[in-house]
Amino acid sequence: MMAENTPNTENAEIGESLFEAPPMGEQERMVEAILFATTEPVTVKEMSERMPHGCDPAEAIVTLRKRYEGRGVNLVRVGDAWAIRTAADLGFLMQKETVETRKLSRAAIETLAIIAYHQPVTRAEIEEIRGVSVSRGTVDQLLEMEWIRFGRRRMTPGRPVTFVVTAEFLDHFGLENARDLPGLKELRSAGLLESRPPPGAMPGMPEADEEDPSVSQSEMFEE
Amino acid sequence: MMAENTPNTENAEIGESLFEAPPMGEQERMVEAILFATTEPVTVKEMSERMPHGCDPAEAIVTLRKRYEGRGVNLVRVGDAWAIRTAADLGFLMQKETVETRKLSRAAIETLAIIAYHQPVTRAEIEEIRGVSVSRGTVDQLLEMEWIRFGRRRMTPGRPVTFVVTAEFLDHFGLENARDLPGLKELRSAGLLESRPPPGAMPGMPEADEEDPSVSQSEMFEE
Amino acid sequence: MMADADFEEDTPLSVGDRLAAEALIIDVDGYEGPLDLLLTLSRTQKVDLRKISVLALAEQYLKFINEAKDLRIELAADYLVMAAWLAFLKSRLLLPPDPNEEGPSGEELAAHLAFQLERLSAMREAAAKLMARDQLGRNFFVRGLPEDVTRIRRVTYTASLLDLMQAYARTRTKDEFRPFVMDRDAVMTLEQALERMRGLIGYAGDWTGLESYLPEGWETDPAKRRSATAANFAASLELAKIGQIEIRQGEVFAPIQIRKKARNDG
């Protein structure tokens, strides 16, 4: 057995005289096919058992390994065996993403609208306008979508963070500038302000606003 | 999709301005990694969904295929998908990997061949060619092996279903597509793939096919 | 499957033929129907299938069937049907064509049978070629160590500019713009009233107060009552105008009454 793997030993002539070993290029092909098709890493011994007499898989591996250097898959050593593996930097390809597009929730789109119209705006201000508290998840979602980002802190007690819309937001909605958003007058003339009444009657300000009671209405709605 | 593949179209700037497609050498590595990783053939569309924006896997495949010409593993086309398979001449190395395929009956093999060469073909047509009724089990077996599937219904009385071969069939027999079936051209030019209706009274099927009322017993024996 | 007569070159051919015929009969169960048997018989003609003599083939088949009958071998019905048809074909091929006879000629029928045999034979060859191809899992192989492709489901959210503006409008109509909002909940339209009253006037026989036509739930809330009354009134005017009802009012501010107008009332 060993004699076949190491043709330079004194027993080599037995193998060589009877069988002509295939050329190294062929041996490389064989190793390539074996490594590809086998369900686990293969040792040199296993390879030479499967290959024709006189082959030297160890040598074939050396050249084959070079051949795969820098390729999308590489020849790697696993213990005393060999295997073909995806190049480490391409691991990201082994993920299949399925993208599902959903409509933004009502809470999210309202929050986004308020930020777009009133930016920079604090969470407390958003809550005041919407009349309900804004959940952390909603803001996180918008941040993650990169439609809003943090603006400068408000110079009021508590120094609350503000939110502004991003370039991605403008890009998505085909706006050059947040100021291009139609004003209330235009919304009204487009019939958008006469759409749907809130479920309750005239709502007072919400229960929610513990974060920042200092902001005044006047500041919020000036344009 | 197409805009990303052909950078010279008017839409190109959308893809290009935001993302620079990786160099073709990198794209080749990616296709290589994707194809090496799976047993199933992968379509170009699936590849480009997994690769970064702006990649052109179809082009990468062309060069990659050349690279593997004459190697121990090859890039093969299966329908509209691609796969890496070991070179057929090295099958002898793979005794361990050889899978015993279920022995197909002569009836099943003939039925399979008729479907492959005549597709889309109805059960009645298969029976007309073979001169015997096709047992349910034969068709079921081929369906189960996923070598055949239902095609579109024939727009003839009774709207019989048709059978066609699958991508699995092509993959199994190493065919790029059904046009590569051995001897297909000769059979076609000899007129042997035409469906020629029997002139008047011919003893057709042993049992009339309820799927295809156009061949009825009464019709068969008059005169 | 069957004894091959050719291996004994020195035996007279007639004996070989006889052996072959017997072998055929004994193996009758081994045939996949009459067409398969015909194809096998046609091989003994040792010519290209396109040049086959269908007449000779018909004779061979009929002989086979007769011998099988003599040996009391049960033959399936389709073998006998084919025998009957081949006998008919044979007579057509032998007799001069009758100009008054309808249907395909003997030559046409024979040509089609020859075509069927050639096609079956070709499909068998094709099947054999197909199975002789290199096959997956036998001659070439798939990746032995496939890597898992993890499926990641990513959800993206989207919204249109209209969504955005509507959302903003929605939040703003809650407060300062509230007075401009028409409260649709408390509004009954003329159309709604018309439709309702059309269905109801048939049931009220005589003069009935318009108030009794107010829908349930609209009588108590003043805003709703006002809207419904106005809509019902407008609807009753409309119905009067098209001649379906009559309206009367005793005096100013007295209750308004309506009734269905009699059909043939000139």
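A, B and C are the chain letters, set down in written order, and residue numbers restart from 1 in every chain.
Convention: a residue touches a chain if its C-beta (ideal position, glycine included) is under 8 Å from a C-beta of that chain, and two chains touch if they have at least 3 such contacts.
Remember, it's a predicted structure, so these values are computed and weren't measured experimentally.
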What chain lies farthest away from chain C once each centre is taken as the mean of the Cα atoms? A
Can you identify the chain nearest the overall CA centroid, using each chain's own CA centroid? B
If you average the Cα atoms of chain A and of chain C to get two centres, how far apart are those centres in Å? 43
Quick check: how many Å separate the C-alpha centres of chain B and chain C? 23
Averaging C-alpha coordinates per chain, one finds the centres of chain A and chain B separated by a number of Å equal to 34
Indicate the residues of chain C shared as contacts by at least two other chains. 141-144, 147, 149
Could you list the positions in chain B whose residues touch two or more of the other chains? 36-37, 84, 86-87, 94, 97
Once bound in the complex, which stretches of chain A touch chain C? 33, 36-40, 83-84, 86, 94-104, 106, 108-110, 112-114, 116-117, 129-131, 141, 145, 172-175, 181-182, 184, 187-188, 190, 192-198, 202-203
Quick check: in the complex, which residue numbers of chain A touch chain B? 28-34, 36-39, 50-51, 70-73, 84, 86-87, 90, 93-97
Seen from chain C, its contact residues with chain B in the complex are 32-36, 76-78, 81-82, 85, 88, 102-104, 108-109, 112-113, 115-116, 118-120, 122-127, 129-131, 133-144, 146-147, 149
Can you list the residues on chain C that touch chain A in the complex? 141-145, 147-161, 163-175, 177-178, 180-185
